[in-house]
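Below are structures written as structure tokens.
First chain A sits with chain B, and in the next complex the same chain sits with chain C.
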Partner chain A sequence: MPLTRQLVLPVHRTLPWGVVGMAGVAGLLLTALTRTGESAERLSAYLLRAAILAFAVGLAFLLDDPARHTTAAVPTPRPVRIALRVALAAPAAAAWWTAALLLVPPGVRPPVGDITLEAGAACVLAVTGAAAGVRFTEVARPGLPVAGGLLTTAVLVMLFWPGRWALFVPVEDERWAAAHDRWGVVLAGAVILGAVCAVEPLRRRVRF
Partner chain B sequence: MTTVVEKPLAPGIRNEPGGPSKAVLALALFESRRLLTRIPVLLAFAVYLGWTVWRAGRAWGDYPALQDADRATQNAPMLVGLAVLLSVNQAALRSRRHDTERHFAVLLLPHWCRTVAHALSVVAAALVTAVCVAGQFGWEALRPGAIGQGSVGELLVGPLTVLLSGLAGLLMAGLVRSVIAAPLLVVFGLFLFAFFSGTSDDASRWLLPAVVEATSNTLPSDLMGRPAGWHALYLAGLALTLGLVAVLVAGGRKPAVLAGTAGALAMTLVGGVAQSGGDSPQLVKARERATVHPEQVQSCVRRDGSTYCAFPEWGPRVGDWAAVVDRVRSLAGGGAHEQDVVVRQRVEARYGLSGDGALTPLERPHEVTVGTQWGGNRVPEFSAAVAGVLIAGDEKAATSICDARIIPLMWLAVGWASEPLDALRRVRLDDSITGSALVLQPTDGLSMTAAQTEVLRALLDLPRGEAGARVKDRWRELTAPKVTAARAAALLDLPAPDGEDKCL
Partner chain C sequence: MTPTVSASGLSLRYGGTRALDDVSLRLTPGVTGLLGPNGAGKTTLLRVLATALPADRGAFTVLGHDPGTARGRQEVRRRLGYLPQTPGFHPDFTAFEFVDYVAILKEMTDRGVRHREVRRVLDEVGLADVRGKRIRKLSGGMRQRVALGAALVGEPGFLVLDEPTVGLDPEQRMRFRELIAGAGEGRTVLLSTHQTEDVAMLCHRVIVMAAGRVRFEGTPAELTARAAGRVWSSTERDPGAKAGWRTGTGTFRNVGAPPPGAELLEPTLEDGYLLTLDDAGAEVAA
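Presenting the complex of A and B:
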């Protein structure tokens, strides 16, 4: 435990705060658009979703660590280091999300609990993608491919996801509640997958 | 005695005539190949092509109007554009990401030349898109039922969108050296793509790459009023500006580049101002004339005694209309069997493409309206209008039919179809084949009661020849005004209906 406490500062310094910050600012800009007029207000749920996507793209870079190969030998296991990164980023993400929600005019704000579930699922999915990148490849910065994958997934889901299992539903839609049950499943799946991917493999793949 | 003959040595460095431009070209080829094989770009092209092919296979589009088909090529390339944006940005930041920027310092090519090569790779992606767009439009144009003409300006929008987004990604790489910039730009682009495809009604909608129309009204191509050419100029100017600014940012501050940027900016401004001009007075007048006095711009042909008047572009459609009129008349009895009709093509053009005004029924005897679209539901709808005119005398009288004359009318309208029940379902507003419903026509609709529907269904269940003979035998009584459904059933020797027989 004291070892972990000593790690806080170095890990904090290697976190890609600039990238996450830029993504956060972009997300807040998108949510601020809801205050620009009546037609923008009607789109508030979608603007909020675009903001979530922007922030999740930023979080995909969370596990980028240029020093990955030199820190592989430290005694603290990888799940702890990843958990530490996530724990450091979580308060920032929570603060960002609060600010984003407050930027949306109260009258047109989607149900807070449900939209928070969507945001949580998207962010966890992004970090899980990054953890999978770390787990299954040797690259030090899996962020960019993971961000690309996240965007591609978002586009493909928007275009081709069958309506029976709709995820992106408008607020007044009767499928809203069912859709958020599905979002819960997505979140749970992402958390489990992320936990599995965070474990360091016992053996490194040997390449010649 | 010996002599030494000295040959001049070949210089180690040759100044080739093409110099850096040849190297830029080689690099552009390499970057193009790399760009076109990135996973996002491949995936985007796969989705784009798959979606386009799937849509082209639908049964409805057998009779495309090419002035609409050109616009249908515009939206999907945006997806490719977003993928190219991401991939070009990654490619331009590649040497920085891998920390190989220093190695390039020893090469012939300065940074701005490498930016030019990246820009040329975007041009390659746009050219591939252009081939796809040409293929899609060519496929539509080669259909036997295609009419009208496409506009080059509209067709250019797809490739120019790819060019524009790719060069925006390149400029982003020059301005913000962070890998996150392009993905965030894609999120903004996605949002625009999904919700602001220019659906609003003012001039500012033309600032976005693809401008879609809210309705699916088909107009003659000279009444479209879409500034497609200016819009293409605007997009090309904007793309060039972005590309040249990217070169400027990368350090290529040559006079030619500066002049080019100024020229591109001027192009953008000219296109942008010209495209927002709105409808010209001549266009408004021409639309008014085509709507109110179509006979002034139409040409008429006679087939089997009937007259077919169409806008010039719809000339090839006359054969399809005549076939329907012939079949409807062949089912009719009495004088209607020989009755000649005047088929008049009409369109509501006064509100442009975004308005979808209804046509009022004609009052001249035996004159029937046909719209500008054909295929699918439009065929039984036209057939119902022809039958109405044969039975009631004119369109106005036909739309106010409120008795069992609707039974022979609908028999004429759908009885000749290969699947009469399917045609009946398609021509009724609620897609039902039982109960009361509204029947669609090119002008105002007709209404059927539940009892009339029942009798018609019983008639359609008979063998075709048998049913046709019964209708022809009793034609005069069946088409007399104020006949009831029960009386019509008795005349046709069918069981009496027990449904409601009061029209709306």
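Presenting the complex of A and C:
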């Protein structure tokens, strides 16, 4: 524990606050559009989802570490370092999400629990993508390709995902509850995958 | 002498390329040079021995610990210093803050002891005067010394240095040689380099790699001796030579199989290295 406590300040300084901050501002601007008129209010769930995506794109940079190779062989395990980064970013993410929700007029705000589940799943997916980038590549800054992958995946899911497994449904849609059961599965899967990716392998798969 | 590092049968593939092919070696205290052309597998071997990259096959121990287990790897890392080929930094950190950050990651939790150790290594690498300066404002050579300081912090028993002198000017290289020679006193240093003169001046042992395999392991004198009777002088470039170049005196220095009656020259470590690579190339082609 003393080790983690002493790491808090330097790790805090290594986090990509600029990118996360810009993503957060972009997300809040998108959310603020729900206050611009009646038609915008009708689109509030979609605007909120666009804001979530913007913020998640920022979180894809969370594990960018220019000193990755210089600190590749230190005894502090990688899962501890990743967990610390996530823990330091979590209060900022929670504050951002609270602000985003408050920006949406109460009358048109989607069910808070369900939309928070979507936000949580998207953010965890972004960090999991970054963890996979660290786990399976040698790049010190996996953020950009992961952010691109996240955006592309979101667009492809919206366009081509089968209706019976729909994730992005309007609030009034009868599939809303079922869709959020699926969001729960996405969140759980992302958490498990993220935990797997955070661990350093002791051996590679033998391919002889 | 008990080896610091003992490896047998290390193999690793990247796609269809064998980066390491059944590598076995033993490292003892002192500086061991690792020579080889680009793509020989030097960096891969260093990364495996530094526990930054797991091998596909084979086993090794460092300071008596097996990095093939989680506990063993952590024990190894507690006694390891690693300077990668392209060290990265957090540019807004000062030299002191960065080495201090690495020291925390190396589990030095007592702040007073740690700060003394950070000051000691920054003194050792000659950065005492600029320890409060942001890394973004340091020259390339100074940044390299910050990375060496980060590798040295905590008095590691095994130091892995991947081409630390690349891109440095002659004065900086000389300074680095002093540092590496000092670091090699009482600990085991594995130094990857393209500079045969670094090996000749610093190393008590040398390993030559090509195409993922160890082609030579011995002393620098033994590597030099491989070229004995295979270096000669001529007034024209000898077409039968494996390599030949005009020297400053206007004569040609040739390396390979000399013709009868050739004027033989004293070989250098570089000649031995070139001929070892040539022999390895012939072996691969066969």
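The rule we apply is simple: the second predicted complex is superposed on the first by the 202 of 208 C-alpha atoms of A that agree within 3 Å, B and C clash if a C-alpha of one lies under 4 Å from a C-alpha of the other, contacts with A are read in each partner's own complex, and residues count from 1 in each chain.
The rule is simple: contacts are C-beta pairs under 8 Å (C-beta built on N, C-alpha and C of every residue); 3 or more make two chains touch, one makes a residue touch a chain.
Keep in mind it's a predicted model, so treat the numbers as computed, not measured.
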Partners on chain A (chain B, chain C) - clash or fit: fit
A:Thr116 touches, of chain B and chain C: first, second, both or neither? neither
First (chain B), second (chain C), both or neither touched by A:Val155: first
Partner chain in contact with A:Pro201 - chain B first, chain C second, else both or neither: second
First, second, both or neither for A:Gln6, with chain B first and chain C second: second
Which of chain B and chain C A:Thr76 touches, first, second, both or neither: second
Minimum distance between Cα atoms of chain B and chain C in the superposition (Å): 12
Residues on chain A engaged by chain B in the complex (per definition of touch): 18-19, 22-23, 26, 30, 39, 43, 46-47, 50, 53-54, 57-58, 61, 141, 143-144, 147-148, 151-152, 154-156, 158-159
Footprint of chain A on chain B - complex, ascending: 39-40, 43, 47, 79, 82, 86, 90, 97, 178-181, 183-184, 186-188, 190-191, 194-195, 200
Touch list for chain C against partner chain A, complex: 11-13, 47, 50-52, 54-57, 67-70, 73-74, 77-78, 80, 82-93, 97-98, 100-102, 104-107, 109, 111, 147, 150, 160
Touching residues (chain side chain A, partner chain C) in the complex: 2-3, 6-7, 10, 13-14, 65-77, 81, 140, 201-208
